[in-house]
Amino acid sequence: MLEVKGMQKRFGGIVATDNVHIDVVKGEIHAIIGPNGAGKTTLINQLSGEMKSDTGTVLFDGSDITRESASSRSLLGLARSFQITSIFQDFTAEDNVALAVQAHDGHSFRFWKPARSDARLRQPARTALEKVGLAERADIVASNLSHGEQRQLEIAMALATQPKMLLLDEPMAGMGTLESGRMVDTLKSLKGDITILLIEHDMDAVFALADRITVLVYGRAIATGSPDEIRANEDVRQAYLGDDHA
Amino acid sequence: MTLSLRTIVPAAVLVLLGLVPVIAGAIDEPFYIDLFSRMLILAIGASSLNLLLGYGGMVSFGHAVYLGIGAYVVGIFSFHSVEDGIEWMASGYVQIPAALIASAVFGLIIGAISLRTRGVYFIMITLAFAQMVYFLGVGIEYYGADDGLTLYGRSEFGDWLDLNESSTLYYVCFVALLLTLFVSYKLINSRFGIAIRSIKSNERRTRAIGIPSYRYRLTCFVIAATICGFAGALLANRTDFVSPDMMHWTRSGDLIIMVVLGGMGTLFGPLLGTVGFLLVEEILSSYTEYWQLFFGPLLILIVIFGKGGIDGLIQALANLVERKPKAAAQSRDGA
Amino acid sequence: MNWILLFEQFLNGFQLGILLFLLAAGLTLVFGIMDLINLAHGSLYMMGAYFMATFVGWTDSFMLAALLTLPACLLLGVVVEVVTLRRLYDRDHLDQVLATFGLILFFDEFVRLIWGPAGLDVPLPDFLETSFEILPGVPYPTYRLAIILTGLLIALFLYILVTKTRIGMRIRAGASNREMIGALGINIQMLFTLVFGLGAVLAGFAGLMAAPIFTVEIGMGANILILAFVVIVIGGIGSIRGAFIASLVVGIIDTIGRSFLPDLLDLFLDEVAASTAAPAISSMMTYILMAVILTFRPQGLFPPRGA
């Protein structure tokens, strides 16, 4: 689905990502873990097209998207969520999602037909809200949603554009146990329908969700494998997990 | 939209405005028709500004310029129709479209440059452009400079519509206001309107989800300018006179006050705000010549303590009456 | 072309630029530090001129009146800040625009009530009503020269104040991080009041110096205020250096444009067209300049760092 070859990014003397190879298989949840400063966010910015890579190629769904911009990658079906919640606070949950649908449904120079009763926008929006378990909160103004719900809403906005693949940047950040449990359920329910690349600190969530895990340390991918393989991997234990996790 | 106080009050105001010529005729005070036709026209101008201010988050401090441009087109056409004997220039069927086109063109130029900037820069640059057009009016001696131009005649629409008849002109303005409100209602609820409002809410995010904000903001700017130019064309007909003073920067300030006073980002807010503004002006100035001495501080108090303007007040009243919980008060209804 | 006239007009433009700078410096400081857009800054300028006119009447001495005007402006500025503006720092720009617009209405009407609608004249003292031979055979009014010199001194003073002194450091720290400066135990409210007072004094100073050259009248503040806005937009909001350079550019272009554009247009147009177009174009010129600059640099010539 997504094939990254030899991707690199330097900021002055610092190498943020160094010759990274990742191969995300269609339908899997692929997690990227690593200590702080390992270059995870840089990597996701490179993948989403917001940051230009120095070298390397990105193949998405069989075509080379190395040179595509962020918005055209998004239109090709590579959707991302942000580390910081970024929704429209004064819109309702459903309006938020409907707007995301609208953005992917051609231009918005339509001046007359009411958008709120437009089934082309509302139907996919409701479906997406259902998928993340927010159907009952559809009419609540986003700023009145809990933090966890707002993150769910972001996932719904990404889903509503019917992407082939989701890039999720720490979807559990700042969540309590209960909330992140709900997020894990949501992501689990998407498994198989959609390919997900996930960056996350919450190890319990990662090991519960991921089919495969890539460990990033100092910008290098030091290991890739199933959760069990990663748990057993000596290098990873040394470099990252430490003994208390074993 | 449910039948709430928030729709009943504006509806009542509209009905009353619709009856003004009848009432004025009954009590034999034709002067009121003149007073209230100004109210209608300014309400159109304020509604157009509301598209920018209330829905698009664009604080334009030069909106009165389009009033002036619309008015000047009518004034200049009328001038040439008599001075140079060009008869078709007296026709309203020519003047009105010309006024719309001229204000749209100015809106496009001013908007295209101003919208490259953000925040305070935008406020100041729209103010400065308005000042520039104002000085253009002051500088052109041919069209009367700062003394302005007196209309030779009002826009001619043929026998069926005689604008010299003051109640006819009044109803033209009234219908124009209804039309403006209807068009605004359709606009703000269309996909375009949603896009504009999302830009106001969170512009960076809007661009991130794939809506290029600049072109939508610019389109909104041009639409608002055009509607306001329409109001200007009516204003010229009402006053039989155009002058640079119509686009003085304080006029732009007045329009902002009307929008905020009534309730920004609400369909009827600008109408209520215009009615409120002009009534306060009438009342205060009937007591003292120095009415602005009181209006200035009143404005400051409204800004500091008032939230949501008259519309917000009605909303609060309605909640008090119906004892609605506060959360429901934050209705998502854009109207 | 008349070179002597050009030189004189250049100096006049320079002098207008200095007045503009005094206003723009206050505006840009207040904006840069408190994030407050203050339309009523022009009113402080106007009040400075009216105070001056009154005090000259009372004391019959130009210098004494000037010495009285400055503390009066400081006091006025502090009162305005404490009573109204302090409540607006956390509001959005629209609220600030509206409230300070209310202040303008108040001040304009207040002046009309106290001093009447007619303009006032402030006579120049004899020792300044002379001219100075700035070049052999080219006399220039001493008073205008004095404005230029005083303005330059103030610009220098401001530059040193903001970049070299402790209080300037606090001002700049306040601009970049309000919480931190609060945590350092500096009374930020006091600091803001002081900065605003300083801005008011500068505006009032511009007003009192302008009083003998222009008529003291209602609305005198608004016109120059908008020019000062143009200046800080061109210069980059928050930048004293930008304000200084842009003030001089705007002052000179505006003045020279007004006096030479008719001749210049004569070269391209016939006489009637030129004499019709010239006044309109010359009064628009500053705004055209601004439009051109903002087209290429939407943040002005010296954008604030981090913007």
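Which chain is which? They are A, B and C, in the order written, and residues in each are numbered from 1.
One rule holds for everything that comes next: a residue touches a chain if its C-beta (ideal position, glycine included) is under 8 Å from a C-beta of that chain, and two chains touch if they have at least 3 such contacts.
Computed from a predicted structure; not experimentally measured.
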Length of the shortest touching-chain route, chain A through to chain C: 2
Chain pair with the greatest number of C-beta contact pairs: B-C
Chain at the geometric heart of the assembly (C-alpha centres): B
Approximate Å spacing (C-alpha centroids) for the pair chain A, chain C: 52
Euclidean distance of C-alpha centroids - chain A vs chain B, Å: 45
Geometric centre distance via CA averages, chain C-chain B, whole Å: 32
Parts of chain A lying in touch with chain B, wherever the complex brings them together: 70-71, 74-75, 82, 86-92, 95, 98-100, 102-104, 108-116, 118, 121, 139, 141, 144, 157, 161
Residue ranges of chain B touching chain C (in the complex, touch as defined): 53, 59, 61, 113, 116-121, 123-125, 127-129, 131-132, 135-136, 138-142, 249-250, 253, 256-257, 260, 290-293, 295-300, 302-304
Of all residues in chain C, those that touch chain B in their complex: 31, 37, 84, 87-88, 91, 93-95, 97-99, 101-110, 112-113, 222, 226, 229-230, 232-233, 237, 276, 279-284, 287-288, 290-291, 294-295, 298-300
Residue numbers on chain B that touch chain A, as the complex places them: 186-187, 189-195, 197-198, 201-202, 204-205, 208-211, 216, 219, 327, 330, 332
